[in-house]
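First chain A sits with chain B, and in the next complex the same chain sits with chain C.
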Partner chain A sequence: MSEMIDPFIKALDQVEQTGPAWLDALRKQGAQDYRTLALPHVKLEQWKYTNLKDLRGAEIAAADAALLDALPATLPDLDAYRLVLVNGRFDADLSDLGGLSDKALVKGLEQALEDGDIETLGGGFEDAALVSLSDALLRDGAFIRIKRGHMLDKPIHLVILSVGSDKLTASHPRIVIDMQDGASATVIETHMGANDSAVVSLPVSEVTVAEKARLGHYKQQLDNAQSYHLAHSAVTVAEGATYDSFVLQLGGKLARCDVRCLIDGAHADVRVNGAYHAGNGQHVDNTSFIDHAAPDAKSAENFRGVLDGDGRGVFQGKILVRQIAQGTDGQQMNRALLLSEKAEIDSKPELEIYADDVKCSHGATAGDMDEDQLFYLMARGIDADTARKLLIQAFLFDVLNEIDYAPAREIFHDAIAAKLGEIA
Partner chain B sequence: MAATTETIEQVKELGGGDKYKHGFVTDIEMEFAPKGLNEDIVRFISAKKEEPEWLLEWRLKAFERWKTMPEPDWAKLDVPPIDYNDIYYFAAPKRDEDKPQSLDEVDPKLLETYAKLGIPLKEQEVLAGVAGAPTVAVDAVFDSVSVATTYRKTLEEKGIIFCSISEAVHTHPELVKKYLGSVVPYSDNKHACLNSAVFTDGSFVYIPKGVRCPMELSTYFRINAENTGQFERTLIVADEGSYVSYLEGCTAPQRDENQLHAAVVELVTLDDAEIKYSTVQNWYPGDEEGRGGIYNFVTKRGACRGRNSKISWTQVETGSAITWKYPSCILQGDNSVGEFYSVAITNNRQQADTGTKMIHLGKNTRSKIISKGISAGRSQQTYRGLVRMSPKAESARNYTQCDSLLIGDQCGAHTTPYIESRNASAKVEHEATTSKISEDQLFYCLQRGMSEEDAVSLIVNGFCKEVMQTLPMEFAVEAQKLIGISLEGSVG
Partner chain C sequence: MSLLEIKDLQATVGEKQILKGLNLTLRPGEVHAIMGPNGAGKSTLGYSLAGRDGYEVTGGSVTFDGKDLLEMDPSERANEGLFLAFQYPVEIPGVAGTTFLKHALNAKRRHHGEEELDGLEFVKFLRGKAKELGMNDEMLKRPVNVGFSGGEKKRNETLQMSVLEPKLAVLDETDSGLDIDALRVVADGVNRLRSPDRAILVITHYQRLLDYLVPDFVHVLADGKIVKSGDKSLALELEEKGYAEFVSAA
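Up next is the complex of A and B:
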């Protein structure tokens, strides 16, 4: 039996060498680590339920910095600063960053590196092959820094577009968000394909929320149904800071968002919420790891998923409470609705606790729709189809209420409605 | 290598004479296999037990598989490497001269525990393995030795087979052959492999059709139960419409020389049958610094083969330095029910990774998991469980609740559930909480003049109540005291 060639190994021959020396070192280390770790497989506990076998042996080319003339028509319109990445590269023409205060740096990552805004990158992930790969191929992406005490007047809309070609192409956008002490901002990420070609999108985010800062970070993943979306984000939250996040996953053939959140300061407040829907041929994975490494912090995770057709959902959530993290409050919940015979949900909510003065809980449920609710609606003259639709959407809409920022709630609401069908 | 040669000689000797024809019970004092594990040892054990050819072959297959199988390393346990060649796989019971001659020679700490549990003197001798003590420990827990014999008679009248598994191999080979390894195949995991290759004894229970076993069965009723603990193999078959409640273990800390325990328990229920299996495990946990102590690697699994059948596991785990144990249910029959009730207490340097698997295959199958974990001292405890709803498990239902209590800030409590549902009509619910003893509850008790230890024991017993209630009465009373004792020294 011949060994299949790792789909990304070829790309490592073309590792960039621009930028400062530390960046070169990071790229080299990344390439070396990826060669050792290779593409994740199901024997790894972290990848037990998500199989990348379709990628193994596939021929993947690096995505071109394709020029796009216009934004996709389906892109939600938001009153926000807009930063657009096309195939992982910053696109100044499509972006709209006018009127930004000088206390907010919002630009392409390549530019930020050139300007010397960044002194270090990487870290936050251990043994994550795809992050090593991203380190090796690091070049461009988005950079956001909100300076000390500044409260941004409008949200930032990060639009991460993939433009596929006749070949399967991969892009590696890096998103860096740096909230300095007491700063406050809202970032909305929209990931979508600009056409129907299959792509592999491998975004890696590095987020730091410094003391008493606040970040609302809401992501919607709307990639096309042929594509792979394998996202990683590492978040560090300092003392008294708030990180309010939400991940809506509706797109992709195989999509996985892996969030690792390090709570590094006391009294931090972290919310990692999400909703997902997988229809025929879709596989959606939400993996999270909350590391309580400081006392008296609070974390909450609330996920809802709907699985239809032969769609498969995966939820892996782990809360680690270190011995120092006395007074931790950690809650986690994943509720899944299975709508068809072939749908599947695999949940693994995990608690690892080394401190005694804690309040931690997790829960998971899976099942189909509540017949009583259906009956209630039908008894009031709503036909079965509409009633079902209503209940499915209500199930997902419910968790949107966790989002602090109303316009984000609305666009996510619309995205769900667009996928599941408007109710007449 | 020396061990191998020694074994070969012994096996040769065995084949040569007719010395052993009269069964091993009388001759056993003289016989043991040398240390080490190899094919000859497996053959030796089988020959010693005059086993039929098929069983020897099965043992050898298991041994072959064991050699190549890796140690399970996924559990959250720190297991020191085990030297399998430094273990006696077939050791004779200790001769009287080697045993403590009276209770005066027994570790006073052990006696102290016995006194707290309220165990009568005669029973203490049995548990501590004092020379000349009776081999049956029934008297203390259940009235008297004569009761045991009466019980055996009652069982025979009902057609219930309850004997050691080596005996069953000879008296009921068809049943043993049919069911042995049918729930836990020899290749299941490294520890089950080892057990299949070298198991020395264990219990066999068969409840015939429509019979409700009139009493709780316990290994204690079985004569010849001494020193079978290390690689014990239990097989319980409940035929259509039958019921049995089986007790394993003992609340008192038993003296045991063997560090590695790799037992296998297989349960089979046919249509409308029910097995209730209760365990109290209190093997030596090692000292405060974690020296010594038993490694308890147990594979327990039940198959609900028949319609409307039920298997219920209840366990109270307080002993052993390392516990690796997942009593599971395979719910094959439609409407079958699986239950798992567990209390696990770890103190000092103990480690426990325990939980269950509920595999739902049949329609309308139901399962319930209630797990209560208490960690104190510097111990680490993990609940690890799997609930799987297969595509055919129409309208199956699972409810899981696992609660952990932490006492002290040096211990750990972990929860790792796997929930896999592939059926829309199946409902799965999982809840888990982790907390410490509430200051208010503690204050309330202390204020009413209770000592802190008594208060903790009371609160913990309350925390475990749901599980303790499922224990048979005789066990429950002692198990309650045991909880208090296991937590001694964890507060203040």
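Up next is the complex of A and C:
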């Protein structure tokens, strides 16, 4: 054979056949589509800056269900309902879902399928090979449904753990969040490795925020520096609904979060914000697509990144304003701080507008530290090294203010400080 | 002994020579005002003393409390007791005011071999200082100078000064952009810092600040040099006559 074998093809031989008929159909379709699409390569516009070549020839096994005695010590302690996935499988022992109202369904996805809570899955992505792969291998994950008009009393902490082995293993957690009309909740996701082995984590999220519902959705990606994190998230936001989201990416050898957000109702308010830091040997990609398909909605994207050593960042952000979407307000900004000669940022903002009454802007900056700020700190006695550290962290801390939910701001603040080093 | 001794100071910004042999001596306890027309080199003097990049000292010497000031980097100068109150205080998003000041104060304490203050001790100490300047907790928690009005920024500079207790405070056009109430608050704050072992150098274009912050000596800076010195009456004279005499002489 002239071509290298696709690392995921083998896994398609073991497609599950449990569950309802529609699910089988989805898996079969997924397998078929993945065989056609195959692992994304850099000739695809969407993957121009993020090269999966290291995975191409790799031998990747499906991750086994793993037993963990305890949660990682570095996991933030939150007053929250906790749903834990280990290698994509729901872990009832590590989860803590006591005291939930009957208006909130929070459980493993496999259980939800068994309970008949779900009638359909999939959709929201076109030509996304890794989503097709996830469809083919769909088995378990997290399921959250907040029923009509219910306001959840505590946030939900989704803890998505990977346990690697001596082989490179892949897991495919599916995360389903269904906010019914007028419901309100906050979901914090923490993705991390439970050990130092390399893994491939391929989470796919399907989020619906129905009329006048509200979801605060904050994700921190803290996978270990050997691992691959390739996440897809499809979000549909209905009329008058609010989706306040943030993605903090600090981990991974190669990490990409691809968020596609369909604004399906007027006066929706969508915020897709994020922060990232890539040090030596790290590649971090934030790709987003905001589809304004309804009038008078608002979307805001504000990203900040710090690239150090030979770290590389990618920002691809597309805003589509359809003809029907008059009165759209769409703002997008990516600001990157480059700390070394070898660091790199590729920013690709894209605006496609078919309506005439819109307020849209996009921008990208890449630069060095602000000399005025540096001098100001030094003029107050703070040495150059400390001043630099303070400013680098501050650059990222600042964008955390976009997060509506204060405890999430604090957790992300601590995660940044933990990676970049506490300042004495 | 003098606290600050500037001898024949020459400095360039870019290719341009701005300070052309400036001499000035301050003793502890004294308040000096430097007045002068725009472009005379007032801000360059402040920045050269604080050690800002791009303000290159090409000749002369500056001795601060017996040490060669020009040998030190900006943070060392600050830790030795030099404080420059900025004409345009810099906004630092993402750094809370309290965090900033705690780093600054503890840097100075370390420099002098003193024990650092922990978070709680520091907040107590800071609250007391802030109250004197009518600044509340909310202002201290906000990122440094972000969203502050002109008056609030200058008040914040004064707060920093009172926390760091410098030996020499250099006030660069501190009155610019202030209304009369803010001017009084800031001047009161500075006056509280007057002490027999501290000197203050007020750099200003106008006399108005000097009504509240009465100087012992007034100097006229024109074309990079001190061209005239006197007591506080010189400031009033300048207010009346303007700088025309010195500008044409230059």
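Methods note: the second predicted complex is superposed on the first by the 423 of 424 C-alpha atoms of A that agree within 3 Å, B and C clash if a C-alpha of one lies under 4 Å from a C-alpha of the other, contacts with A are read in each partner's own complex, and residues count from 1 in each chain.
In this text, a contact is a pair of C-beta atoms (placed from the backbone, for glycine too) under 8 Å apart; a residue touches a chain by one contact, two chains touch by 3 or more.
Keep in mind that this is a model prediction, so the values were computed, not measured.
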* Using the touch definition from the top, say if A:A343 reaches chain B (first), chain C (second), both or neither. => first
* In the superposed arrangement, which partner chain does A:E352 touch: chain B (first), chain C (second), both, or neither? -> first
* For A:S361, decide between first (touching chain B), second (touching chain C), both and neither. => first
* Which superposed partner A:F397 touches (first chain B, second chain C, both, neither) -> second
* chain A residues in contact: does chain B have more, or chain C? -> B
* Structure fact -> Per the touch rule, the chain C residues reaching chain A in their complex are 50-53, 73-75, 77-79, 84, 86, 89-90, 92-95, 99-101, 103-105, 107-108, 111, 143, 160, 164
* Structure fact -> In their shared complex, chain B is touched by residues of chain A numbered 45, 323, 326, 336, 338-368
* Asked: Can you list the residues on chain B that touch chain A in the complex?
  -> 74, 76, 389, 391, 404, 406-436
* Within the complex, which stretch of chain A touches chain C? -> 371-373, 375-384, 386-387, 390-391, 393-398, 423
